[in-house]
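By letter and in written order, the chains are A, B and C; residue numbering begins at 1 in each of them.
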């Protein structure tokens, strides 16, 4: 965000998360919130990643382990279903892949520059030895 | 009293709308934010939050960005607990005087702080908050080290850990003193609830946080927070590290009600040897040299003794 | 309302501490977080007794240290309500970290600082060492000379501090024991009149507004920190004095008691004058009048506002005088005194040819006697007569042993 002069911001270095009023934050999903320019929600840490998770919904059982253990609020679950990864906020730690219980895993790490379609097409099959 | 949020299972929990945001500056794989999410998502009530200076604070409120969707305050290293106590006092005052803007809300007051900010520099402030009976919860994100400043020892750093101010070296095995039993100290304030939690045991965590929110008076929570940077393990292994911590009983999960009723809340089916917990972390690497292997044995004995102590307390209802 | 009012007499006999406690009661503070320390303790005790007797509604939090007292005040102020506390000396020193946080976060808090020396050696009596310790902390500092001032300035402090264009914390200073424990007649306002003057607290950026969550106490590094500090300094330099003046004007209309940013006494035709603070101002006025009877045209300038420093008001008050004594009641520890430096700065680019000399006095509660002031005024007149400063620029007065002077 643009750097302002000394007379252009609120006193006390205070920050507002939302534009205007929000009545029920805990009852409002992120896509329905009016975030201000000062919420880190509008920022991106995508450039931190050297590896990225790719989600294969064909094997997902919606157990939500990836949702609960994601440190970066980057597993998007709606209506009890895992629907994808927020690639602006994912730092590529790989926890989601580690905690994924399916066989084969529904999430795997690939180099940041890997092509998602290609990786999905070449997804590993069930591994009987290491469940 | 508002109704407790119903969280029967993980699928139901996953419908929570997070009030903590990504693009914060915590390390990839940091357990702090996993704990914070589990805590905040345990309730739908409004929240008034604080963080003492430390990793969580410096990574979530660096101007011009905030990662907090509820009102949040940071003052200093030692006084995050008192900041929330002050806010809670103002809430009570304005409630009495009928000046709350939204009088029907039922806010929860929570202060987060690291082990340095809780066991060491903020100890007196937290003790004061617990003693005075504020309706608040203090949560320690216990990674057993001053991680934010680069890995100096705190009074939560365990024996044999190599920290930058108690480094392992040619003639030293690192930290010489065992960590402070903070949960017992805080429970000795005879607060209504004190507990130890771990992020891998999310259901135990949520149950305890909800219990803490349901009681009147101060609550103390010690949460083990595996630190990829200072414990020296791969960021993807954070939850594995938490599993090792709870299942080796290095971090037993228990609660103390009113200072005199201890319940063990998690009994691992297969207890893992402490050696496995130590071996998984770079900070203990030097203990596997021949001359320090006796320390691993002592570690196991210490953990066993503590587990026996907790079991004795539970059996005796004290 | 679930508390009772108190019917005050028009004039009550109060010491400075009780005057401050009464003003705090009348302001209907929402949260007081405090820790006792001599000589400010009776303010905290007085407030506690009002609470115990049902004359106050609100939270009184007796914390475990002064640092926690200000920490609690910061949390409470950020939550959104009227907040105050009191302290002295070592307790104030322990608070210093949080003073900068309170002002940097732009939170209105009123702190009654009953001035006392700083150890070592330990001393419970009045000097201005703690006041000086706070002077770069970004707070407004108002200075009481007597219990009446302590009462009045508390009311004014809330009004200025809480103004949405200001939002800066404010200290009200009074001298330990000399003012805090000396009972005098104090003209009172009724509870309604006092509260009416201060007004209802108007929240701003309040954490307890759940529909507008706010983040307080962020980190700013080299790319933002300077701008935020510059903003705070700007507001102190530009916005505060007019608000203080407006509050003084309103207060005069209400009570007939007139306060000025710089208090001038017999300065219209003065040749010599002293500039000082606290209870010494009243002593100096008495001696100045006596000097006039001896043919020395003496005057006194007292600072009512210490921060922001009344740079132009001081220069104006001193523009016609020929010799000035700056009286600092705090050991400068290796420099000229604060007042000496500030006055020199205020006069340096003006046309004045006034002779400025500094005096360090009264440390640890040592009395400033009338005899000291008589010889001081006499020295100033000698400087005028000689057309130069005939003494060292810095002299210690009232200390035993060989004459101590520097510069």
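The rule is simple: a contact is a pair of C-beta atoms (placed from the backbone, for glycine too) under 8 Å apart; a residue touches a chain by one contact, two chains touch by 3 or more.
Here the structure is a predicted model, which means the values were calculated and not measured.
Enquirer: Among the other chains, which touch subunit A and subunit B together?
Expert: Both subunit A and subunit B are touched by C, going by the contact rule given at the top.
Enquirer: For the chain pairs B-C and A-C, which is connected through the larger number of C-beta pairs in contact?
Expert: Most C-beta pairs in contact, of the two: B-C.
Enquirer: Could you give the separation in Å between the centres of subunit A and subunit B, each centre being the mean of its C-alpha atoms?
Expert: Taking the mean C-alpha position of each chain, the two centres sit 24 Å apart.
Enquirer: Between subunit A and subunit C, what is the separation of their C-alpha centroids in Å?
Expert: Spacing between the chain centres: roughly 53 Å.
Enquirer: CA centre of subunit B versus CA centre of subunit C: separation in Å?
Expert: So the centroids are 43 Å from each other.
Enquirer: Two or more other chains touching the same residue: where does that happen in subunit C?
Expert: 105, 211, 213-218, 220, 224, 228
Enquirer: Indicate the residues of subunit A shared as contacts by at least two other chains.
Expert: 9, 13, 15, 17-18, 25, 38, in rising order.
Enquirer: Out of subunit B, which residues touch more than one other chain, so two or more?
Expert: Residues 46, 61, 63-64, 66, 68-70 of subunit B each touch two or more of the other chains.
Enquirer: So in the complex, the part of subunit B that touches subunit C is made up of which residues?
Expert: The touching residues are 46, 48, 50, 57-58, 61-64, 66, 68-76, 78-79, 82-94, 96-97, 99-102, 105, 107, 124-125, 127-128, 131-132.
Enquirer: Give every residue of subunit A touching subunit B within the complex, in rising order.
Expert: Per the touch definition, subunit A meets subunit B at residues 1, 9, 13, 15, 17-18, 25-30, 33, 37-45, 48, 62-65, 67-74, 77-80, 86, 88-95, 97-99, 109.
Enquirer: Which residues of subunit C touch subunit A once you look at their complex with the stated criterion?
Expert: It is residues 104-107, 167, 205, 211-218, 220, 223-224, 226-228, 230-232, 234-235 of subunit C that touch subunit A.
Enquirer: What part of subunit A is in contact with subunit C in the complex they form?
Expert: Checking each residue of subunit A against subunit C gives 3-7, 9-18, 20-23, 25, 38.
Enquirer: Hey, which residues of subunit C end up touching subunit B in the complex?
Expert: Contact set of subunit C toward subunit B: 2, 30-31, 33, 57-59, 61-65, 67-68, 71-81, 83, 97-98, 101, 105, 203, 206-211, 213-221, 224, 228.
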